[in-house]
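All chains are identified by letter, namely A, B and C, in their written order; residue positions are counted from 1 within each chain.
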Amino acid sequence: MTGQLDAQLQQALADRLLALADDEVILGHRDAEWTGHAPILEEDIAIANLAQDEIGHALIWYQLREDLTGRDPDETVYFRDASAYRNVQMVELPKGDWAFTMLRQYLFDVYERLLLDRLVASTHAPLAEAAAKIRREEIYHYRHTSTWVERLALGTEESHRRMQDGLDRLWPFAAQLFVAGPGDGALAAAGIFPDLSELQQAWEATVRPFLEQAELTIPQAEPLTVGRERHTHWLPILLGEMQVVARVETPETAW
Amino acid sequence: MPDTEWPRYEVFKQDRPNRPHEAVGTVHAPDPEMALLNARDVFVRRPACHSLWVAPQDQVLTMTALEMELNPAWAEETVPEDAPVRTFHVFTRQHQRRTMVAATHVGQIQARTHREALRKALEQGEFTDRPVYLWMIVPADAITGSREEDVESLFRPAEEKHYRDQSYYSGRVFDKKALKRREREVA
Amino acid sequence: MSAFPRTPNTRPLPNVGLPTDPDYEQRLAEFEARIEAGEKIEPGDWMPYEYWRQLVRMISQHAHSEVVGMLPEGAWITRAPSLRRKLILLAKVQDEAGHGQYLYHAVETLGVDRGTLIHQLLEGKAKYSSVFNYPTLTWADVAMIGWLVDGAAIKNQTMLAHCSYGPYSRAMVRICAEETFHYKQGKEAITLYAQGTPRQRRWAQDALDRWWWPALMMFGPHDKDSPNTPALMRWKIKTKSNDTLRQEFVNEIIPELMAVGLEIPDPDLRYDEETGNWLIGPIDWAEFWQVIRGNGLMNQARMAARRQAHEEGQWVREAVEAYARRHQARQAPEKIAA
């Protein structure tokens, strides 16, 4: 499988897989923070599902990357500092309120679902197979979070205000999902990974009318277009917590 | 504003095609769509499920045989002449075994009210081949159900969450490399 | 829906019989004959007030325990040392929420709504298992809770699956089927740590030292100090006494803990050849009652966390309900006539 890729494409794919996996593991961490603290018992169960799904997806992407690079998923997660992470800033922001959480999840789920729709046709078979598997869950995520976004945006005055605040905060960050890395052009040309600017158009064509129909106003803010190597100070704080147990032992230690 | 835990919905789960729906419990939800999603998260954390129905709890008539016996007036009601005939799903409990379901779908009945449906079920004898301890009468038009095309996204993913299943834990202890090999096998 | 009446002789549901009812003795005899014959009592069936009261008390405490029980382990989800352990712990804490959900459903069949019960919990008026008022100090505590605390819980729940009240029994059957995973994952992890690095071994022993006695207290006071037991057993709400279950548990778990090289923190522990029982030293019941009365290490923090979640969730619950009212108003099917 990997033999079909030249060294340059292989590196580009490994980088992209790291970006996919890091997004999911950090978002999964933020979702997991709600477990036991959700607005109602049924949502404790639902949000724990989202967190498990995202972390499960991260594991799949890390494993595909391991096939290319030999890097162990746990070592990648637990023994890397913030500067080596390649997630977007949107997922590392603190969990906020339920409006912020559902909106962030929605913006991410639309991106992920549209991405997976394209990835199932990837010329790189392992990627296409993994995408098909993950996509089933993402169809559910999209249904769950769009249901929530619509209800909170059109619920009460307070919930609407909280949703608008959340959108004002998140909207500029969402643009970073579509910032191409150095190898992404070559991946798109080889049909391995979709073109990110086309993906962004599809994303906007989905989220804009949906949010507007939910009576939310899309903010006119400067989009975040920095690369994925740039982080907020929230990431090292998050990693400090996430890695605290694993780092008392060597990466070889079994847990 | 008074606090709320949201209304309750009865949940009926069908494990496999061609198996009856079974009453598994309730979820709290603000509306039917969220009730369906909540039912999925609460009752389908593990396989298997092929279909879920949810119905507002206050639109489901639940009655026991003993309750009917001690209060024969249960059957009395005035049904308006022009009340429309509706379809009611009938669920019964006909055993005393230890199970995790309250009642099982046995069929449907055309009637104008819940109580009329139950009266007809008793008169016709179609569902009373064995003693019935518990009845649930659910109007078809109160049910929100998952669709055939939801099976992949709502129910199949639980099949891959092996770590939720006790059989995943073999009792053996693995070092990191052995564990990694095993994880890939399981996946 | 009715609140939880605290005053005896207030009929909570039409099917609940009071000792002052003219037909009480006859109904009670029929009721006890049904239980004796192994029949399940279903919602709507005649039941004596005391049976109803004991069920509401027991099931609601059990439900609260599951919900509060999310907190000690939930605190470690973000710190789980591998992705696999993180997934396992998430699934486990998720199950606890699910088990609380099933159990609240069982109480709801007795005419007491969940909002009332949660209100009582948050006001500090409801009990829950004292074991969750202890802190989780290292990662190994999470594994030890799985093996020891869930192991003890399974003993109790397996017994309660035989309960005469249908909805409680069904909730227990569902819970037992899921809970075995909790126990097994904990045992797997502790077995690994007990043979692992020096720190892992230290953590495993330390976790056993701190959780051993609280786990044994989970079975409740000795039979002679348990006033509810005779009624509970006569009506088959419980089918085994606290001391019987505790003895079964220690007999099963002590050899397993010893087999992985852990030391039981009980200087008086001895094996009785004649009966085949492991005999434990005295339990510190003063500590047990202190924790029950709210003076455990974590009582206040647990309730503060639950209250905060509830209060911060209020606008959410209201918002989606407001949305539902507006969007469903157009096609609300008729409700059943009472």
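Quick notes
In this text, a contact is a pair of C-beta atoms (placed from the backbone, for glycine too) under 8 Å apart; a residue touches a chain by one contact, two chains touch by 3 or more.
Please read all numbers here as calculations on a predicted model, not as lab measurements.
Chain contacts in this assembly form a complete graph, since each chain touches every other chain. In terms of C-beta pairs in contact, the better-connected of the chain pairs B-C and A-B is B-C.
Chain centres here are Cα averages; for chain A and chain B they lie 34 Å apart.
Work out the mean CA point of chain B and of chain C, and you get 24 Å between them.
Multi-chain contact residues, meaning those touching two or more other chains, occur in chain A at positions 40-42, 45, 49, 52, 56, 151, 253-254. Multi-chain contact residues, meaning those touching two or more other chains, occur in chain C at positions 84, 87, 91, 94, 98, 101, 114, 192, 314, 317-318, 320-321, 323-324.
Across the assembly, chain B contributes 5-6, 27-28, 30, 34, 42, 45, 161, 174, 179 as residues in contact with two or more other chains.
Residues 14-15, 38-40, 42-46, 84, 87-88, 91, 94-95, 98, 101-102, 105, 108, 113-115, 118-119, 161-162, 166-167, 169-171, 173-174, 177-178, 180-181, 184-185, 187-188, 191-192, 195, 314, 317-318, 320-321, 323-324, 327-328, 333-337 of chain C touch chain B in their complex. Residues of chain C touching chain A in their complex: 67, 70-71, 74, 76-87, 90-91, 93-94, 97-98, 100-101, 104, 114, 139, 189, 192, 196-197, 199-200, 305, 308-309, 312-324, 326. Residues 25, 29, 32-33, 35-45, 48-49, 51-52, 55-56, 58-59, 62, 73-74, 77-78, 97-99, 148, 150-152, 154-156, 158-159, 162, 241-242, 244-246, 248-249, 253-255 of chain A are the ones that touch chain C when the two sit in their complex. On the chain A side of its complex with chain B, the touching residues are 40-42, 45-46, 49, 52-53, 56, 63, 72, 133, 136-137, 139-140, 143-144, 147, 151, 252-254.
Listing the residues of chain B that touch chain C in their complex gives 1, 3-6, 8, 24-28, 30-31, 34, 42, 45-46, 56, 58-64, 66-67, 70-71, 77, 93, 96, 98-102, 113-114, 133-134, 139, 141-142, 161, 163-166, 168-169, 171, 173-174, 179, 183.
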